[in-house]
Amino acid sequence: MSLIEITEVKKRFGDNEVLKGINIDVEPGEVIAIIGKSGSGKSTLLRCINGLETIDEGSISVAGAQLLPDELHLKALRLKVGMIFQQFNLFPHLSAGKNVMLSQMVVKKTPKAEAEEMAKKMLERVGLGHKFDAYPDQLSGGQQQRVAIARALAMEPIALLCDEITSALDPELVNEVLAVVKELASEGMTLLMVTHEMRFARDVCSRVVFMHMGRVHEIGRPEDVFANPKTPELKQFLGMQH
Amino acid sequence: MNYAFDYGWLLEYWPVLLKGLAITVELTLVGGVFGVALGVACAWARALGPKWLRPIVTTYVEMIRNTPFLIQLFFIFFGLPSLGVRLGELEAANLAMIINLGAYGCEIVRAGIQATPKGQFEAGASLGMSRIQTFWYVVLIPALQRIWPALSSQIVIVMLGSAAVSQIAAEDLTFAANFIQSRTFRAFEAYFVSTAIYLALAIALRQMLRGLGWSLFPKRSGR
Amino acid sequence: MNEFTDWDILRNLLLAARWTVALSIVSFIGGGIVGALLLLLRIGEGRAGQIFTKVYIELFQGTPLLMQLFLAFFGLGLFGIDVPAWLAATVALILWTAAFLVEIWRGCVESIAKGQWEASSSLGMGYLQQMRYVILPQALRIAVPPTVGFSVQVVKGTALTSIIGFVELAKAGTVLTNATFQPFTVYGFVALIYFCLCWPLSKSSQVLERKLNVAHRNH
């Protein structure tokens, strides 16, 4: 059984069908890059896996936990997959440390001392141990995104979803975030990331999914996908990147 | 509660209510038009007018916004005659409403003016327009468009506040309700019916102002 | 006839102003409590609660406060109790205040970015947890200036209770005018006292708002 099973997933916004039957199975430890033009449905797919969008047809399961729209199933699922957002979405009224502690304490009921311990460890892991008491507005974009990663990691998920996590960053801040992700990948974390960083996808990912008009248009190992695009759409997409 | 509601008096007294409603509408119309005009003038004075005028307008605005309408009304109607200014009930009511809306309107319109990009003033100046011309032709309409919803709400608030003018014997809708209850001893019913009329008037006024906004400020592209 | 000095007038008005202050405080706090309960219904998931609060707000914001005072005064009387003016005044002002506060606060809650809801969802928080730990702490901060600003409307609103016979500042003004025949002086003083009560509130609302805007620029 795969870790994440996405089967025949369809999603409509009104008359607009943005996902037209998606099938992807993700094995434990895989790092998957989802690429494609804007509007191809890649972000929507990621948001569906976390239950931020409901699906109209098909099924998604993560380590046996089914995605169902009631609060109990959603919570079970969200404890297994963390999500990192393009806009970081740190809680502005809480310090970096408290950002990482909050959900441990209120969702998992972890005692405060333990949550603090974990928060310190996770901030250390993303290289921000010294920023425990800093507030989000005192941090750079890259630092904020690393806190967001620490916050997700503190819930001990078995997979992480990354939704264009470097797109809102100034170019010089992109690498510090990617370095953290690369580190996670090497430690065996399962990762699904929507990204525009083609070089990163080529170097780090085990598989690349090219989405086009709501479908998985091509899927394969990065060396195949990037070196030998089979369809004209992927050729055109890769050509645009340079 | 064993009280029998009785609306039989409506048959006899509806013309009284109608007359009161007409006065309320008239007060709102006059107060609305002149109050907005005064508000625009004061907003101009405060934001762009001559330096000496600004503290005067600021004082006026702060005085009005920080005292109850009822007291403003009493001051105009009962207080001013000792200065030799004697006004009828309706004149006093109209004046009080204009002055009241003018102060709130000033603040609302000023917020709209302040949100105008600086480039608009500079563009006007670079085309050789005077400050007043720039204000009138370039700044004012987009500013009004921006704050129209807030201004509309304020006009509705002033209309509802006009119920107080019954206290200087201006014969508005509330005055009519008071009159009817003193004749019929059906206080609750009289106020209930007039409250319902106010509610209908508020809803209608809001719709009218929205429609007016659409016709005054037709949607332009890029907005 | 003129045994009233200006000082006599002012002293009597100030004594009456205590009731204006008391009524304002009770109405504001009571309105805040009712408003908070209505807010839970308004932004909650239940359809019935949403519709109820919408109608409530429309009724209280769409009719004159003076009419609400009359209806409270004569409406409570229908239950056979002899309603004192202060009771009718308090009830009406609390309900009226709540209708405005709930709308102000709803605006604050809705101004919190969608990402905050999504991030806290993705961390497994339920609706109540999101509200309590993420949304409300932020909304509360931005709600302070407009809430303080609205307290000015409450203070001014209490003037209308004089019409149903509650003896506060405005009523004292009327009584003193009838006794002294000096409406200009009396209403001038009355206005001045209201101004002294309201202006600090208006001003602090503006200052708080400016502070908040400065703090926001750092984000």
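Order of writing sets the chain letters: A, B and C. Residues in each chain are counted from 1.
Rule of thumb we're sticking to: a residue touches a chain if its C-beta (ideal position, glycine included) is under 8 Å from a C-beta of that chain, and two chains touch if they have at least 3 such contacts.
Just so it is clear, the model here is predicted, and its values are computed rather than measured.
Chemist: According to the touch definition, list the chains common to the neighbour sets of chain B and chain C.
Modeler: Touches both chain B and chain C: nothing.
Chemist: Go ahead and name the chain pair joined by the largest number of contacting C-beta pairs.
Modeler: Ranked by C-beta contact count, first place goes to B-C.
Chemist: Which whole number of Å gives the spacing of the CA centres of chain B and chain C?
Modeler: Those two chain centres are 20 Å apart.
Chemist: Round to the nearest whole Å and give the separation of the Cα centres of chain A and chain C.
Modeler: 46
Chemist: At what distance in angstrom does the C-alpha mean of chain B lie from that of chain A?
Modeler: 54
Chemist: Chain A: which residues touch two or more other chains?
Modeler: none
Chemist: Spell out, as numbers or ranges, the residues of chain B touching 2 or more other chains.
Modeler: Residue numbers touching two or more other chains: none in chain B.
Chemist: Hey, which residues of chain A end up touching chain C in the complex?
Modeler: Where chain A meets chain C, its residues are 50-52, 71, 74-75, 78-79, 82-83, 85, 87, 89-93, 102-103, 106-108, 136-138, 148, 151-152, 155.
Chemist: Given the complex with chain C, which residues does chain B contribute to the contact?
Modeler: 1, 3, 62-63, 65-72, 74-75, 78-83, 156, 160-164, 166-167, 174, 177, 187-188, 191-192, 194-195, 198-199, 202-203
Chemist: In the complex formed with chain B, which residues of chain C make contact?
Modeler: So the residues of chain C in touch with chain B come to 58-59, 62-68, 70-71, 74-75, 77-80, 152, 156-157, 159-160, 162-163, 170, 173-174, 177, 182-184, 187-188, 190-191, 194-195, 198-199, 202.
Chemist: For the complex, give me every residue of chain C touching chain A.
Modeler: 113, 115-116, 118-127, 129, 133-134, 137-138, 141, 218-219
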